[in-house]
């Protein structure tokens, strides 16, 4: 559905009159606010807002509206981002041998849950090719070894840049991306980590959880930063486990969490619900 | 903490300019919006908003502000309600022999979770008197029999009216209130029902659940209307059960749900988060 | 992995000596008990047990062991069922246009979560054929109309009988099976109903839930009996919803529940964890 | 209810014939098994079992039965513990200024959820005295400073030893117990930590969680060992939080978790459901 709808995401120092000024500028151009959510962080003295509005009744045009928003934005020193619903975003999914998150994203996309185009699947293994093909998504096999890492990342970057992809989703991609690569996509790479972060950072979190004897396990989706598994957390979920569960059982139970938690993060991104600040996220629901 | 804060709850037919007009009137009087949440129901064409704002920087006075809101309210045919945080609300808790919800409310109140005065505990049994006394809350024993129901309700009503109580909380109160009594307190009586409504209406829901063999049980807090267990639902929660659980186990597990679900509903009411329409609720979180 | 492992499921009137007799017969033949779970229903005076044991150290042979179990079974009037892990069970999945549960079962099977052969997919629509083919599963298109229902069911029955299928899984199959068909497969047809039964029986449960204004929705897997949506419940799960969620949002959130709840029920069946009695289930976990 | 029921907890190296031998000895003395749960850890090659049985039909006497169990225990090198339901266990609750867990335990005890005698409340602050008195439980004020820690612990130990207390429950007790004190009560001190361990060890876990920006918080009950917050985990639970939640909100939401998670651990201990090995627990449910 290509609705005439836009979403405005705003972050700025908290000040009086912010809400009224933004509402006024939208109203002044005939835009009808459909949803509005805001958050003030009293410690950081920051203000965040998400406004979704209907453009079909615009009394001016988009350029005028954008100029109006820009003017308010400058007055209040806002970071702001305006997205039109009819522009279809492109995402790239990076996968390795584990296929459950990849399948999950493709099926949800097909069911209409993810408003985007899945422009490509990139994997360091060839296994996922038939899966991508089944869903009609271009597949690129980009093998990675310690020696070829830089060139592999360059190849991936080229594919992404050429196609206008704006979000990279690591669907249990088992390679650690270089700082240089990560730096190219600030708050634009979403990873799924198979633990309830900050517990069990790094390799084999299910084994770590098993050995610790925890009674719940979790999954965490987060933006990727240069620090491994330390980026801003977007979504988390947990499930009960018991002494009966082997490491394999934790892996199996965890898969269900990983799928939901990754898909929810991607969905939140595509609906412009996420703002990042101070190493954390605001996720408007 | 008697902050200089007010909350405005609004319900009206959806129209363009609503958000801007309300934001403008607050800004015009120097009120600083702290939180804002809104909801549009496209089917009912209704608009709902909750605005919480700081009055400490008011450039006019409260009377002017209220006049301003009234003027906007009339323009948009709003139902609106303005509450000042420093006015302490009074609630009455109705209890019977089961004491867990009563204890829970009293302890949460003491911990500062419920911003109100618990003006009285009314029970049809004398057992709860020492509990009320321990927490320094007045206790009234109002026995109820089939014959005395009308006079008992009249006595309760008198106690409530005399003390300025605005919310009645049925903390596992085991009497069915008459339609006449209920009609006096529209959306002002909150009940906890010990099932996941609409399943298991009426008596002995845990036994019903046991006999049906469900794998989860629930609890539901709702406003009381003339139809038994059919009032607008405010909050629900569920917990897993298994074939191992006897009816007594369901009762025990259910108590934990009932406490949380009732307290959450009361808290939501006290924070002006609930709007009722079309037999349902909007609960701003 | 075709382990030398067997599972014994037992139901009988509760009597002293049951546990010892079964343990003794297994020990006497050299079988090593790996897992044992039991349940006594004091109201029904019934005893239930699941025993999983290792056959690799058997000092006699399987026929002797079975004779030993049969002798104990007769002594205690047991219903019992012995399954060898190496015998691969066959299941048939019935689907309609909704594909999420079908995909989910196929992917879990491929990931090794479901120890069975998915012998066929039967659908009253042709849409699922490419999905079945992608996973290498035979597909049968069996259209159903009011007029052809009897012959369609006969065709399905023939396919099932010919292939030795022992469990039918209704993966959001949108046809109501006739009593005659259902009677052929007692406790052998598992359905997923998209509500928290017994709430919202019948058609459009998400719409019913939306109109009621519940704060959680659920999904229920159950054995199919002649009474619509009334068969013994195997598994249930719930998820929070709010006034923000449209019917479509409930459908989307519900899909996640349906997948997990149906797959868990199938898995429990395949691992011989379910016993049915008195319209309810014992599910050993 | 002082039923004629006993519970046997067993841990030993895994060997064939274990289950049959224990079942046989109980049957041989006329004990009727009510519940049985077992677990084999294939990595540690360990076997664990919990047997609950009815003594009312004993054909010998308890001494003979215990001798029979002892004989089997020696044959299989078992650690075993036999508890009779009619012996009322005594527990001591250690508290500080936070009263929610203390209240919760006392109320659950009064509701019959905890089969024990709460022999005393010990606190380093006098505040809890009226609470203990309300529930008719002896209260001891044992102040602790850096200088008096050793003598305070000695005083507590004396009170406990004199009264036959077998379990110490730290209900948000804000003092770190010395290694010497802890060593006196192996697997007999249960603590509640207000985080989802192993995340956020140490002080101010809610603040740590707030700063990390997690989307769920948790609580963990565990046995106390010499390593701070590292003892075997008994029970955990989590709840969703969001960017809207201040540290105070996390504290409030966390209280609900802490109460449930601590009470569940105490209940599991009192019902002889917990076995400790390899720094972890088996908790039979």
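Chains here go by letter, A, B, C and D, matching the order in which they are written, and residues are numbered from 1 within each.
In the analysis below, contacts are C-beta pairs under 8 Å (C-beta built on N, C-alpha and C of every residue); 3 or more make two chains touch, one makes a residue touch a chain.
All values derive from a computational prediction rather than experimental measurement.
The interface in A-C, C-D or A-B that matches B-D, meaning over half of the contact pairs are the same by residue number, belongs to A-C.
The chain with its Cα centroid farthest from the Cα centroid of chain D is A.
Chain pairs A-C and A-D differ in how many C-beta pairs they share in contact, with the greater number at A-D.
In this assembly, the C-alpha centroid of chain A lies 36 Å from the C-alpha centroid of chain C. Each chain gets one centre point, the mean of its Cα atoms, and the points for chain A and chain D are 42 Å apart. Shown for chain B are the residues in touch with two or more other chains, namely 39, 244, 285. By the touch rule above, chain D contacts chain C in their complex via residues 16-21, 23-24, 26-27, 30, 32-38, 40, 57.
The touching residues of chain C, counted against chain A in their complex, run 99-100, 103, 107, 111, 113, 130, 134, 244, 252, 255-256, 260, 285. Taken together, the chain A residues at the contact with chain D in this complex read 39, 41-42, 196-200, 212-216, 218, 232-238, 242-244, 278-283, 285.
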